[in-house]
Amino acid sequence: MTVPAQHPEFAQIAARVNNWGRWGAEDEIGTLNLVTDAVVREAAATVTTGRRVPLALPLQQDGVQTGMIPGRVNPLHTMVALNLEMFGPGTVATNDDAVTMGLQAATHWDGLAHVSHGGRLYNGRPAATVTAHGGAAFSGIDKSRTVVSRGVLLDVARARGEERLAGDHAVSPEDLDAAEEFAGTRVRAGDIVLVRTGQLRRYLAGDKSGYAYPSPGLSLRTPAWFHARDVAAVANDTLTFEIVPPEVENLWLPVHALHLVEMGMLQGQNWNLEELSTACAHEGRYAFLLTAQPEPFTGGTGAPVAPVAVL
Amino acid sequence: MTVPAQHPEFAQIAARVNNWGRWGAEDEIGTLNLVTDAVVREAAATVTTGRRVPLALPLQQDGVQTGMIPGRVNPLHTMVALNLEMFGPGTVATNDDAVTMGLQAATHWDGLAHVSHGGRLYNGRPAATVTAHGGAAFSGIDKSRTVVSRGVLLDVARARGEERLAGDHAVSPEDLDAAEEFAGTRVRAGDIVLVRTGQLRRYLAGDKSGYAYPSPGLSLRTPAWFHARDVAAVANDTLTFEIVPPEVENLWLPVHALHLVEMGMLQGQNWNLEELSTACAHEGRYAFLLTAQPEPFTGGTGAPVAPVAVL
Amino acid sequence: MTVPAQHPEFAQIAARVNNWGRWGAEDEIGTLNLVTDAVVREAAATVTTGRRVPLALPLQQDGVQTGMIPGRVNPLHTMVALNLEMFGPGTVATNDDAVTMGLQAATHWDGLAHVSHGGRLYNGRPAATVTAHGGAAFSGIDKSRTVVSRGVLLDVARARGEERLAGDHAVSPEDLDAAEEFAGTRVRAGDIVLVRTGQLRRYLAGDKSGYAYPSPGLSLRTPAWFHARDVAAVANDTLTFEIVPPEVENLWLPVHALHLVEMGMLQGQNWNLEELSTACAHEGRYAFLLTAQPEPFTGGTGAPVAPVAVL
Amino acid sequence: MTVPAQHPEFAQIAARVNNWGRWGAEDEIGTLNLVTDAVVREAAATVTTGRRVPLALPLQQDGVQTGMIPGRVNPLHTMVALNLEMFGPGTVATNDDAVTMGLQAATHWDGLAHVSHGGRLYNGRPAATVTAHGGAAFSGIDKSRTVVSRGVLLDVARARGEERLAGDHAVSPEDLDAAEEFAGTRVRAGDIVLVRTGQLRRYLAGDKSGYAYPSPGLSLRTPAWFHARDVAAVANDTLTFEIVPPEVENLWLPVHALHLVEMGMLQGQNWNLEELSTACAHEGRYAFLLTAQPEPFTGGTGAPVAPVAVL
């Protein structure tokens, strides 16, 4: 296997995109710092029709996980009270439920502490600061206090006239350029970019294992694109986010390492961009207000999110 | 104990606020229908400074639940992978977490199927349509596809010049009127109203049992107020939402029955309105864009939510 | 579909094996009453070599469940503390784990409240006495205070000279007779009978779906055999216990209804009888001391068990 | 805080009781090796009356945990199917449950990998071999294939004529000698010793926090006693097993370190010895057959157990 830092291309990109210290040695949220009040004001100003599009998959036992990632279990919904007339017959009866799930099992954000490489997390903190009893001592998902910004859909599949990208398609900077041109909106600092591959259509059609692997996804070369634009976060409609199997043999999860560790940028997976794709095509615009606040699990290395695009 | 429908005042209010059939026999979302595209456009237009305020409590084992509500357990955060270098030493290492929690344990929305009375849920559906294997067959929390609207903070505590309301203070329609006047904003159709009692300060100060019970909360007389204004949803900063112990002896959870069953209106609990209170007072305005999409658990009778106010 | 009580053969057998009232109207443990002190003394006296054979499958995410039975999830093992040196470097470090699992997911006993038919549980109690907030009000698995008795292995597969029974083989009373003769031990009152089909070999060989369905299992005609012998409990090495698909078209789970509801007899599934089969064949005897105490979940309708045979 | 190995008395005892290598470098079960077939035969021979006494607490939300040990949650029992007539009205209806719990939350065995000190587990293995994704790679609780032996109750409280020991009573070797004499049975190789302090009476009386802390428990000096007798395992009726706060200031969990790491001996907590105490006193004997097989969680650092004494 290949150690990322020992791979020349990875090392070169890492050096270019690294944000350690950019927002101070104490920073725990990385590129979310780019979402300024001004960015949010402009985001709100994009709202034109008032149409809202949900981007989360339903949380259920029949979810996207197949067991390929051990321990990342689909949501188990259970009842702890059912038609419980605790005050007597005919009085108010209550229903109450509980859930067990992997925090990264469904539509989610990877928190900055989701991965490390070379023993380091974002901003140079030791990998060992993530523990079983406390989760992430630094950059836990709860530190992302608000995730609301302008969203831009880069609909790579639609821009290429494809229903979904092929399983071995690594989304390249050139793909992003083309999708941006197709969108007619220039990505700018503080934006949250949604990259549509169409891969989720496999899951929606019932093919869970085909959805999981192999899968199109972001290329090792895209982090530099996002860094150049000072994007705040990126999400897409795949299970692994980046292309799997990887472009460089034995170099696994390089995009994770670049985004989360080097840049300090949230990345989202299993987002359902199908309805949004149709809506944007229909309205002829690809920028909108995006609300995507993760559930603030203390020390979480990721969290479910129920994003909504407001057009 | 008192059966709600047999209590004259309850019965009279129920008759007045009932929304069954208003949006058709098939409707599953009730007053969320009042959030039209036009409402959302106006909500976006309230964004002035771009300041964002998170309203969720952190999700952690040391949460607001005390065991008073059996089965509604605080979030248990666990690790299923920790610094796992699955590709060899120095390669990308992953952290992965899982959680078990009551869906209504922390900052949450009560879904319309959270309670029934007289054997009926919202829109007249049988209480028995909520099951252990499927949750709510109708009006599950996943049916609330998007919850984004104009939010209005009715800061009852601040309007009264109190740090927090007394434990036996039933928030009345008159309190709402006064807070509305204090806010300088008239509540209108489709708004989501946030009622601040200050009670959460007890929890924030470490007094969990004092936070839980007894507690100020909404009076039996407020649902008619919300109905008259055609509010889309209401949330506050208490554990039980309505005053406990109840105003009418032995008449338990009447506000739940009116809001959820009769009106079909989401209600939120354990929202942290402290920072928002300060921000609104500082900016001198109490209306904003509110994003509060619940996690879409299939058949959930409630769900955690991480709301954000955008000012 | 066929209502059991309306099927003549089922109705006839039910009438014959019914134990309601046999141990009083208050009884909650059924045939466990047959395990007297004398039976246990005799069971202990069977211990000859002192060899112990475990009969439980390991509890792990990669367990026997395939998703075929919704909500019955394989054990998810997680860590809540890992090498936690809470008292300083070099001091005692602790590891602590948590689990989520279906109570009937692995090697388990079905409790008497696991099924009802015609609205009735064992001893005539209403099905509605099982609730989400309390589990089984009567005959919860915790009521089986001790499950220790003489065990007898009826090795149907070995007696027939087969590695495992065919997928459509309904284990018949004649099969039990033959296996008993092969064992050289007569089954008597208070015994716990272990019926080996060899079907678990499919799971052990990695074929989970083949293990689950279709599967050999007990015939509708065997409960009368167990009743005639006054057996205390029965377990086997299959997922569903009885043959699936069922012998009588559309008559599902008749053996469950007869054992659990009519007789009040625990039945066990997913027991690993492979090592025991070899040991018994080697020692030339098929009776032993069996300890098989379920975990006493209050109100549980079933529970994991880690049985041990002592030869 | 005090590092155990740097404390003279601890270091001296550790050197004396250390069992590393005694059963080979590959051994993962430690003193369970002492339970030979001959020991089990003799254990079975102790069965005189056939009376069975359960020693597990019920598994329920209202269990012994108070939150003092983070993440070690009381069992949450939930339903995933309730009166589910999946084959039509009147057909067999099923109930199915799920649970989330700390493996060491109730009556349990600490596995050998539950603690380490100085970076080492039993038999010298690195502490880092316990991981979040796999649990204990060595000496997981699943490696204890069978736990059945002769049990001996050392009823320290009864021998001293006390209902329960005082909160600051460190059970000493002299206490064990006296209780052994009181029992009239000499503890010998392979026995499982149950030490009764009576402390559980606090929990049974509703005083959870008084049960938890402070608590009588085993003294630092007792491991040498157990080692001298070649005991296979020890359990008692307290939350922490050893006396808390500790005898030597700042020397925390020394008995855990000696038993689990140095000796490789299972230790059990929260065992209910009340009924057994009465039964033994009534029968005038304190030795019996003990079955105490933990649930075999793969890689578990502990596990629930439902022990039964057969007299």
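Think of it as A, B, C and D in the order they're written, each chain with its own count starting at 1.
The definition used in the following text is that a contact is a pair of C-beta atoms (placed from the backbone, for glycine too) under 8 Å apart; a residue touches a chain by one contact, two chains touch by 3 or more.
For each chain, UniProt lists the protein as follows: A, B, C, D = Cyclase family protein.
This structure is a prediction, so every number in the text was calculated from the model and none was measured.
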Comparison of B-C and C-D by number of C-beta pairs in contact, larger one: C-D
Equivalent interface positions on subunit A (Cyclase family protein) and subunit D (Cyclase family protein), same or different at half: same
Between subunit C (Cyclase family protein) and subunit B (Cyclase family protein), distance of the C-alpha-averaged centres to the nearest whole Å: 45
Separation of mean Cα positions, subunit D (Cyclase family protein) and subunit C (Cyclase family protein) [Å, integer]: 27
Subunit C (Cyclase family protein), residues touching no fewer than two other chains: 70-71, 73, 76, 78-82, 96, 98, 100, 131-133
Arrangement of touching chains [line / ring / star / complete / other]: complete
Residue numbers on subunit B (Cyclase family protein) that touch subunit C (Cyclase family protein), as the complex places them: 70-71, 76, 78-80, 82, 98, 100, 132-133
Subunit D (Cyclase family protein) residues within the subunit C (Cyclase family protein) interface of the complex: 1-6, 36-41, 44-45, 47-54, 56-60, 69-73, 75, 77-83, 87-104, 113-119, 127-128, 130-132, 135-136, 142, 145-148, 250, 252-254, 256-257, 289, 291, 293-302, 304-308, 310
